[in-house]
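Following are the structures in question.
There are two complexes below, and they share chain A, which is joined by chain B in the first and by chain C in the second.
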Partner chain A sequence: MEALTLQLLFNGVALGAAYGLLALGFALTLRAAGAINFAHGDVAVAAAYAAIAAGSLGIGGGWSIGLALIAGGGLGLAVASLAWAPLRRRPIETTFIAAIAIGVIIQNGLTATFGGAPQATDAFAGGGWHIGALYVSAAAATGIALAAAAFGLAAFILLGTQIGRRLRAAAEDPDIALSHGIPVLKLAFGAFAASGALAGLAGILLASQHFATPLAGADYILKAYIAATVAGWGRILPTAVAALLIALFETIGAALMGHAIAEGALYCAFILLLAFRPQGLAGESVGRRA
Partner chain B sequence: MSAYELHLLALAGALAAGAIGWQIVFGLAGALSLAAGTAVGLGAYVTVLLPVQYGLPLAPAVLAALLLPALTLAAFTCIVGKLESHYFALATLALAELALLIATNWESVTGGANGMLAERLPGWLDPPARRAAFAWTLAGAAGLLFYGFRAWAGAERLALLRSAPLAARAFGIDARRIRIAAMAIGGAAGGLGGAAHAVTVGVASTDALAFKGMAAILVVVIVGGRRSPLAAALLAILAVWTPEQLRFLEQSYLAAYGAALLAAVLFLPEGLATAAAPLGRIWRRRRPFRPPSSPLPASSETSLRPHGYDPAATALAGDDLTRQFGGLTAVDAVSLALQPGRIVGLMGPNGAGKSTLLNLLSGVDRPTAGAVRLPAGGKVGRTFQTPHLVPGLSARENVWAAARGPAAEQALAEAGLAARADVAAARLTQAEQRFLEIARARAARPSALLLDEPAAGLTEDERLRLARCIRQAAADGLAVLIVEHNVPFLSDLCGRLICMASGRVIADGSVAAVLADPAVIEAYIGATPP
Partner chain C sequence: MTLRLTICIQWKLRFVGAATLILTALALTGHRAAAEPVVVSVLAPITGFLALEGGAQRNGAVLAAEHASAKGPIAFDADVQDTTTAPDVAISAFRRALRDGAPPGVLGPILGSQMLALLPLADQAGVPILTISGTAALTEMGSPNIFRFFPGDAVVKTAHASYAVSEVGMKRPAILYQTTAYGQSGRAQLAAALAKLGVRPVYEEGLPPTAKDVSAALAKVKASGADGVLLHLHAGPTALTIRQAREAGMTLPIVAGSAMHQPTTAALLTPDMLAGVCAESGSAPAAETEGPAFAFAEAYRARFETEPDAFALAEYDAFTVLASVIEAGADTPEAARQALTSGSFNGAAMTYASNGKGDMAHDAVIVCYDGQSHRARIAKRYRFAADGR
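For the complex of A and B:
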């Protein structure tokens, strides 16, 4: 029993690493560009499929991780230039619908190309290690390490560099930042690219631990959204903690009650959270944001 | 038509009903719900399940298909109805995913991923032509729900809510209530679409609940037009027919939906219905609005007296009003009372809390402490520093957001806009827009009128007209409060002046006394940069 619990906890942490990456990227575009990217989950899925396709051509391992990063970043830029930049002066809902349109293209393009059946990737070296009763798969271990590295890098860039300071200034008031010579538009595009790359990494982690399906994006975006909302949008450590909690809830809940009920309970909890504490649990008020 | 074409026509009817449901929610009420597929799916399941499991006839099953989504979405919106833009959208997405999860996993009831066959459809629905007629009857019913909701809420009031939510709040439009009603009625229309779909394909499955159904609805509404059931009907036919012509593309036609959606958002912001509107106007030779034929009452017997007018009662009062934003106290224990027929000026350096006070008095914002008092049946009318109008509506339609009928005509006339009443607000000059806001406020017949820097940017002539307009309002029995920096303008109009600084009232009295008050002079000199 104890061994089982330990294994569940580890699996939860591995899943949480992917959710954390999704949530971090999701919050990044909101912070830098005031944009909610409704295609964020679909970008992750598409990047995972890019890696899967490359894998079937014999390009695997580290290459496929790089490919997922590039595909995700490129799709992030595509979302920025098609669904955000041209629509910035229009009602905010317009950008949502444009991003949803890109999501529809991705979902159905993938279904048409790969079929609707779940696909897995073996991008990471197979096998793993038995540590006592705990089985640590190489995929999960790599995933956790990569996510930790990405979080560390994000924290360093946002808090410790000039880019991060400019990004925060641009998020605070784009017009004033622009008048101080901060290239707001360039930063926003950069944020979309980084956010897409983070989603791509998350996508390939999820596809290697579980499966990828063309329609998984809605599920991903909800998990990212829940984590970002709970964490108060864009604060790095709370985002990681929230993502971990969600993944643990899902993993342990699924073991106790079955996957469907755990998932359903999570969505119900999210709706109630929005109803009664939309500013998140970490306290920062972002009710007026976006 | 062949049986197959009739089948497609029936499918189009189902899609049209679903799309009209979403037009009610997004097009009319401006709420971005991603649960349109949920309403359709619930309707489809109920239509199939009630006859199969409980032997109910079709008619009560269709009624249930209308009621269940309506009640579900209304209850859901009661919980999350106050959320703004993306919070609301994601909450509805969570609901949609939840519904999909239940439909897929509750196999004993829903048949799981395979869905449930509609085994007990009445025989008269066997001919494909009847099914098509059935589907389009339900689509017609969805159209009636659309127009019913629009009439209930008022087209102009809905437009104001969508494009100027603050002004809508000032006119007492309850955004949450309208959103709940829209989700309920839109859900009912979507449920009818689900019933039509289930009867047409003979099965209720997760297809309709999934994002696939939502995508088709999005395309029909965004490409066709957000507020035109007719355009939804035409686009639904097109959207059902085109994939058949593009069958060689297989699944990718759905990706083409996405591309069409994106192109429409980028290049056809208001959809085909609005793009085609000029053609329709030529065709219909739209009649200009004719104001009521009875002559306007002479100004002595004005129809713009406040509701429940009582010359002896206080028209508007604030008691110890306080408003804090985080650690900042913008308005600090301010009390004031405005009397009918009196014009009061409110001045003070920038950041003194004047606009916040106006927001509290007009109900746009709620005080942290203290209360606003109005006479029974009384209302507050206000204008904004930058006009909050519906740019696409005519001047008259903008006034209709407050009130219709002779009051609207007289308010327009008194604001000097009678000749410009049919011009779109976006094409009025800046001064005309200010006068239009005054007309809109007056048409609601408030007991107090609050004006936020009405003279800013006006020429001398326009300022004289504005002064006349304000005096007329006072003569009709309104209490008027004017926030202004222009001291000569205030001295001409006002018998009383209030000066605020740092959230408090520092002087209140006759114009001369306030202007000579040392505290006032210090507030202004202290606030002027050296």
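For the complex of A and C:
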């Protein structure tokens, strides 16, 4: 039983690492641009497919991570250019619809190009190690390490650099930040690019362990959205922690209650949280909510 | 607005005039309507979560139209319409199929919920609808217009249970199934088939399609003392479960649902993970080495540069049977319905004949992997009587 618990914990952390990257990117654009990017999950999937396509051309292995980062960053910029920047002065629902539309275009584009069958990635880290009864897959271990590095870098940039201070100032009040010479628009575009790159990294990690399908983005965005709400709307680092907790809930909960009940229990817990602590566990830093 | 309308009407009149001229010219030069290809509407979920199966449907129908046309004397055209996965889109596509009058038959989508929505419309129009959907309820609604060319769960799950118990020797199987309608229907049929064989599953659990880590379920299977695992999951979850089972060191034999017979599912796993894995299916053209199904597989590979699956073959057969019925003179819905109800048809996968409810397919196969390659081999064929015996 101890071995099982250890395995579930490891699997939960591995899944949480990917969810955390997704949620981190989602919260970043929410904080920096006030944008709820509903195409975020589809960006993750598209970046994974870009890496898969490159893998079929012989550019796989470790390169797939770099490719997913670049593809995700590029797609993040595309979402900002098409669904956010031209519409940011319109009612906020307009940007939601535009992002959803881009997500649908990505889904159908991937289906038309690659077909609907699940795809496996050209593993950037194949095999694994049996440590007693625990199985540590190399892909999962690499994912955890990469996610930890990304979280550390994000924390350093947000809390310890001028860019982070400007980003937080722009998020508090964009107009005042602009009047103080902070390039709010550039920061927002930068946040979208970074968010897309994080989504790309999450996408390739998830695809390497759970395969890629064109429609997987809908599930990814749901997890990111729940994490953002559980943590507190606009809280960047707590959102990543909340995503990790969601993944642990999924794996440990499945062992205790079964997968189907655990999934239902997750949403019940989410509803209870909304009812009794709508500002999230860490409190809101952005007042607007979808 | 008025000006636009006027221009529009003018263009329409010009179009009608031009069309009249062309038709007159064709008539004068001896072209006859019979030389035009017979258009058969094929409704398939080309996009959405069933795009893999919908794509197989489309390819099967397109290949059948080409083969039937090449054989002659009548040329056929497969008019493929995307139904996505929403019933209302399927209904619109069905209405488009009937826009020029009631055709002898329409090939319906594989998605059961769409077929359930279309069946009342088919009955209203009196048009036969040929499907490869496995949803059991379709042929239990008393419709005279439904014709199913893929064996239903009652057939394939009987083969599934029978192979696991009689050939693999499972006495204490565990069942992992999807929590979707597809999964629950299959689980019920599987449990019933096992009960007929005097075997009770020692563990059962439903997995949501979004479950990413199934190690908890696998640990419970192990703890239950199961001597084998029966899967009834969609393609991605099937591959994920097998991979995680093998990574966890679980070497129990696995007999999976039809998703595992698809070459695209096998491609997700390494050959060593496939050792001890079998799967049920209506047919398995990619695993055939001779006969009509093998010939179909070769033609399919040449035409689409990909491996065929049972859905593509079933759609191919459904189209071919409808084409043969039309060629035999049944060019009205009534005549086609009569022919489909009373006839027996040799398809590439099997011989099709209605059981009186519209179930045309009564065969199943079991394929197994040897752990050395991704290629499956046919391990056993099951042929059931039309009444299910």
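Methods note: the second predicted complex is superposed on the first by the 261 of 290 C-alpha atoms of A that agree within 3 Å, B and C clash if a C-alpha of one lies under 4 Å from a C-alpha of the other, contacts with A are read in each partner's own complex, and residues count from 1 in each chain.
FYI, contacts are C-beta pairs under 8 Å (C-beta built on N, C-alpha and C of every residue); 3 or more make two chains touch, one makes a residue touch a chain.
None of these values were measured; they are calculated from a predicted model.
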Room on chain A for both chain B and chain C (clash or fit): clash
First, second, both or neither for A:D219, with chain B first and chain C second: both
First (chain B), second (chain C), both or neither touched by A:A112: both
Which of chain B and chain C A:N11 touches, first, second, both or neither: second
First, second, both or neither for A:H130, with chain B first and chain C second: second
Partner chain(s) touched by A:A83 [first = chain B, second = chain C, both, neither]: first
Partner chain(s) touched by A:L274 [first = chain B, second = chain C, both, neither]: first
Which superposed partner A:I176 touches (first chain B, second chain C, both, neither): neither
Partner chain(s) touched by A:A254 [first = chain B, second = chain C, both, neither]: second
Partner chain(s) touched by A:F96 [first = chain B, second = chain C, both, neither]: first
Intersection of the chain A residues that touch chain B with those that touch chain C: 107-108, 111-112, 215, 219, 260, 263
Parts of chain A lying in touch with chain B, wherever the complex brings them together: 36, 38, 82-83, 86-87, 90, 92-94, 96-98, 100-109, 111-112, 215, 218-219, 221-222, 225, 229, 260, 263-264, 267-268, 270-272, 274-275, 278, 287-288, 290
Chain B residues within the chain A interface of the complex: 26, 30, 32, 34, 76, 79-80, 83-87, 89-91, 93-98, 101-102, 104-105, 210-211, 215, 218, 222, 249-252, 254-255, 257-259, 261-262, 265-266, 269
Chain A - residues contacting chain C, complex: 4, 7-8, 11-12, 15, 107-108, 111-112, 115-120, 128, 130, 135, 137, 206, 209-211, 213-215, 219, 250-252, 254-255, 258-260, 263
For the chain C and chain A complex, residues of the former touching the latter: 46-55, 179, 205-208, 210-217, 219-220, 235-236, 239-240, 247-249, 262, 264-265, 267-268
